[in-house]
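Listed next: structures, encoded as structure tokens.
In what follows, chain A forms one complex with chain B and a second complex with chain C.
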Partner chain A sequence: MLEARLEQANLLKKVVDAIKDLVQDCNFDCNDSGIALQAMDNSHVALVSMMLKSESFSPFRCDRNIALGINLTSLTKVLRCAQNEDILTLKAEDAPDVVNLVFESAESDRLSEYDIKLMDIDQEHLGIPETEYAAVITMPSTEFQRICRDLMALSESVSIECTKEGVKFACQGDIGSGSVTLRSHQNVEKPDLNVEIDLTEPVSLTFSLKYLVNFCKASGLSSQVKLCLSNEVPLLVEYALSNNSYLRFYLAPKIGDEE
Partner chain B sequence: MARTRSKLAAKDPVQEPTTSTKALPPSAVNPPKLFILPNDASPEARIVTLLNPVNATPNRYLFCPEQGFYEFTKIAAPRKAPRSWLIAPHQTLRDETSKTFPSVEHGTAENGKEADDLADGEQQEGAISISKGYITKSADLFVATPLDTLFLLLPALSPSKSTAKDTQKQLFLSLDDHLETLGATTPHLGQLLQSRKLRDRIEERMSDVCDMVNAGEEKMYRLSHPKLLIILLSKAERMSKNGFPASMEDRLIRPALEIPIMSIKREESDISTSEAGPTQSESQSSAQPPGTATPSTSDSQSTNTSVSTAATSLPPTATELPESKPTISAPEGVLHLLRLRTALAYLLSSYVPSLLHTPLRALLSSSSPINFSPLDAHLAHLTSLRAQATALRSLSDNISRKRGYNDDEEAVEARAEKKRKQDEDEKKKKNEPRGIKQLKKVDVSGMRKLSTFFGKAHVKK
Partner chain C sequence: MSLRFKKKAIKTYSRQRIHSVHNEEPAPKRRRVNSDIQSTTTYELPKSGSPRNPKVSVIALPRSKESVAIFSEEVSNTSTPPSSPLSQPSPHPQPRRPIFSFLKRPAKATASTVKPFAERDHNVQPAPPPQPLKKKRLVQMQIDLGGDTRKSCRVCGMDYIPCNVEDAALHRKFHAMNVGGIDLPRPFAENIKKNKVWDGGDEGFISVIARKDTLAFRNKATQVLDVINTEISAVTIEDDELWGQIGVAEPSTKATDKGKHVSTKNGKLRHSQCDRFKMYLYIRGQKCIGACLAERILEAYSVLERDDASNGNVLPPAGSRSSSISASKTAEGALLGISRIWTSKSHRQNGIATALLDSATSDFLYGMTIPKEMVAFSQPTESGGQLARRWFGRQAGWHVYTD
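The block that comes next holds the complex of A and B.
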């Protein structure tokens, strides 16, 4: 059986909020190392991969591998019933029909309990290899969100050009064109605002802005976001969580669209 | 229960119900039942429980030492139109009931008077009589009809030792032995068999249906299937002599002889528009005696010629016309034979132990005094016609009959399944978060699926 106690319901709320607009139903694969999730969007051009390590929970108990097929809309509805500061406990039997969520309020003695019916979801799992990316950009997640939103006003897609000068987000639309360039930047007082560019070779790729904006819904989870690019390889957008947990998005690049 | 009379008398010449009161122990729980009993039954008549000859279940019969056995036929109101009886006593009748057993003449003469009296009585003491009345919930009427003693004997004459019977012929047994097996079936019958009259009657019926051997003083009996068959046939003959009641005719006789309607109507009208000849062929067809095989073939030739002379030959018409001829009805003998067979089947199923059915049927087909072969031939002819008609129909108007009955169910199922899926999809779409809906609009041209970048993971479960 599974029993996972999360100190702050907020974490799960934000994670689910971030992916619920990308996928509808997905399996939460629970094993002794934690809770993992991998799902693709309907068009199969984007992929979300979540890992909540067992260390993120206290305590975490999972005797055998359980796949919890959950409709994310339903999960969102239930999670709305939890305060951000509530202690959340996920429970499920070994061959579960439902997943049980308990919200405990630390301040008052309020205890609320919800069951969500599970679904059988057939999902293909992709094996994602550990890749050495040509360019790794770390920047404030809010900055990435702002760039995507701003450029969305002009165009559907953005080209990300990474050279030793910096990283340039550029787009071209019907009304004109725009670009945002970031350079490596160290802010001693506020390390959250650092921009780091780790480049082994120049990269230029084009991506769908709508998808990127969608990924940016995870901005609240982490102050920094890591963009990993290599030519002709999907972009990785990673939001690091505490205890080595993470939320990763992959997006296929647009190839041969502009030439 | 004696009160039932007032109601019955008004409808029918009715036997004194005192007999039934004696036989059925009156019980407060049991609602009164209405019986029409034979009016010549003796005062010793009793309602007894005997085994039903067909399935050996206990059944009620009326036994009169003079007249023999009567079975009860229940006449119930149709379930769709429920009725009840109001059973009320009547002054004049009450006087009458004090007499234990009025004669037949008295009873019938009383009938008219009763009807009159009923009207008077209604005014004079209607209130009293009705208040003393009883309303039965079920308007069931039990009519006693004579039953041949023979049928009750049959189970005893053909004991169910089927294994022994297969190998060797049944043994000849004395009357007493037969009566013993008979009496052992129900205690009531055992008692009744004490009566000399009944024994005589049984002996008489047994001699009709059994092979007999004289063994010294005693006569020995053994059931003879041919004799039984002859008796059954004569009974069936009597049943079917004047035809069946209309409802039975409709249910049992007519459908069996119904001739499938071919698509003649249209064909004939085709001819009439194209040629002047058909009146002749049609008159021929109506004048022709309803159809045995030979005249219809000859007729087909004649129609054929008439059509060909008109030079607008429609080949299918020519072949179909003769088939349409026997529409009118079956040949005379066939109708009678069918009635006879239906009657016989009824007798077998309702009075003869099932053990005897097979030998009797075999006997009927092999060496029966009545030859059913014309009927069989005609019925076979009809089945072939029917098969043709269905084949023809599925050919000619395949628009409406595109799907057979079996396919239909599947189609309905498939459609329901499709609809269910559609509904589900719609529901899913409705519940889709906004973000997902928007992503659907994204132009993904030039974006390869992620599965082209990342190999499929080995399934870890």
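The block that comes next holds the complex of A and C.
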């Protein structure tokens, strides 16, 4: 059976909020190392990969590998019933029909319990190859969110150009064009505001802003976001969580068609 | 390259990359030469009518890029550094860069046509300069981790690729049609009421469409039939056949026995024509939720008990029946064949098919209700077999016929 206790329901709430617009139903794969989720959006343009390590829970118990097929809309509905500070416990049998969520209020003795019916989702867990990226940009997640939102007003796609000088987010739309350039920046007092650019070769790729804005919903999970780019592979947007847990988004680029 | 991309078109990722590399490379060179020429040509434009200059100025202004290509052959030797690779691509530029070669070709073609009118071109508004960035239409790549992209819908059974927008839309349409019934336009749903053969009040009504009906009616019937054929994997019936007639030996309508009508009093058979097919539509609101294609037939075979056919001992588990039936080898006379019968998924178990069968038996031949013994089914599907057994009220002894 599975029993996972999260000190703060907030974490799961935010994770599910961030991915529920990309995927409707997905499998939460539970094993003794933690809870993992991998899902592609309908159009196969973006991929979400989440890993909540067992260390993020206290305690965590999972005797067998279980795949919990959950409809994320239903899960959001139930998670709305939890306060941010509640203690959340996830429970499931070995061959479950339902997943059980218990919210305990830290202050009062309120205890609420919900069951969500599971669904049988035919979805393989596919291996995402480890990749060496040509450019790795670490920046404040709020900054990334702001750039995406600002440029979204002008165009539907953004080109991310990474050179020695810095990283340039540029877009071109019907009403005009815009760009935001960030340079490497160290803030001693507030390390959260650091911008780091680790570059082995210059990269320039174009992405759909619609998806990036969607990814930015995870900004609340982590103060910093990591963008990894290479000319040959999808963009990786990673929000690191505590205890090596993470929420990663992959996005396929847009490429010029000449015909 | 470890994460592979897949594009909606058939092109590969690597090919795309080659183009983009080539596009980036020569662009700055061109622009540099371009600015030089621009200045020279604009000066010469008003005064000289020399064969080359007007041509260049007229086209060069709007389409700066190709003028470079035309001009750079001469200019490049002097104006650009010797290392410039421009002199090579300009004479035969087509093969390598589709974007620019496309722009270049019309430039040369129009040059000859424009030349005689060179004087008048002062007034011509230059066409808006092409925006090379806009020409590069961006195409969204897809992530492919090697999983199966096909999916088969559990409800409607359609195989489709969910990540293909068109395919997904097609599936949605097909799914809705299968599950909820076939949408009928409002005027059609009103008009078809005049062919009503059975009225169930709010429940809906049954209308018949036959050979003599208008083309619009018949086309709709064919459309419904297409949906049915797809769902039960039946062959399509050609329109000529569907709305054609069949010659029927008169006595056979009275005599059920086959041997009898051969030896009629007169010694010869009097043939009459009769509509071969009639389509019965069960319509509720704006939707057709059930349909039955009835056929005039002459003979049928009775269905034998299951145990007679198979070696007996193996009884199928109760409730689940296979669609296999065994029929006797001797033909018996019959009047009405149920060629296709279908009810939309969400409206099953509501007696719709039964109502359709009852309407067909009472309406198909004018003035008589065909007894159930004279009705036969075509090769039934599993659920078709269940319907037949329920309607005939017995497990065996009902009739089937071959199409």
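In this text, the second predicted complex is superposed on the first by the 255 of 259 C-alpha atoms of A that agree within 3 Å, B and C clash if a C-alpha of one lies under 4 Å from a C-alpha of the other, contacts with A are read in each partner's own complex, and residues count from 1 in each chain.
Methods note: a residue touches a chain if its C-beta (ideal position, glycine included) is under 8 Å from a C-beta of that chain, and two chains touch if they have at least 3 such contacts.
Keep in mind that what you see is a predicted model, and the values were worked out from it rather than measured.
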| item | value |
| --- | --- |
| Fit-or-clash call for chain B and chain C when the two complexes are aligned on chain A | clash |
| Which superposed partner A:Gln24 touches (first chain B, second chain C, both, neither) | first |
| Touching partner for A:Gln172 - first (chain B), second (chain C), both, neither | second |
| Touching partner for A:Gly256 - first (chain B), second (chain C), both, neither | both |
| Chain B versus chain C as contact partner of A:Asn231, first or second or both or neither | second |
| First (chain B), second (chain C), both or neither touched by A:Ser33 | neither |
| Chain A: partner with more touched residues, chain B or chain C | B |
| Contacts of A:Thr73 with chain B and chain C, given as first, second, both or neither | first |
| Which superposed partner A:Asn65 touches (first chain B, second chain C, both, neither) | first |
| First (chain B), second (chain C), both or neither touched by A:Ser208 | both |
| Identified clashing stretch of chain B versus chain C [146-154, 398-406 or 434-442] | 398-406 |
| Shared chain A surface residues [contacts with chain B and with chain C] | 40, 42-47, 124, 126-129, 206, 208, 233-234, 250, 252-257 |
| Chain C partner contacts - residues on chain A that touch it in the complex | 40, 42-47, 122, 124, 126-131, 157, 172, 206, 208, 231-234, 250, 252-259 |
| Chain B contact footprint on chain A (complex, rising order) | 20-24, 40-47, 65, 67, 72-73, 76, 124-129, 156, 206, 208, 210-211, 214, 217, 233-234, 250, 252-257 |
| Residues of chain C that touch chain A when the two form their complex | 1-3, 5-7, 9, 13, 16-17, 19-20, 23, 98-99, 133, 135-149, 151, 162-163, 165, 168 |
| Contacting residues of chain B [partner chain A, same complex] | 428, 431-436, 438-451, 453-461 |
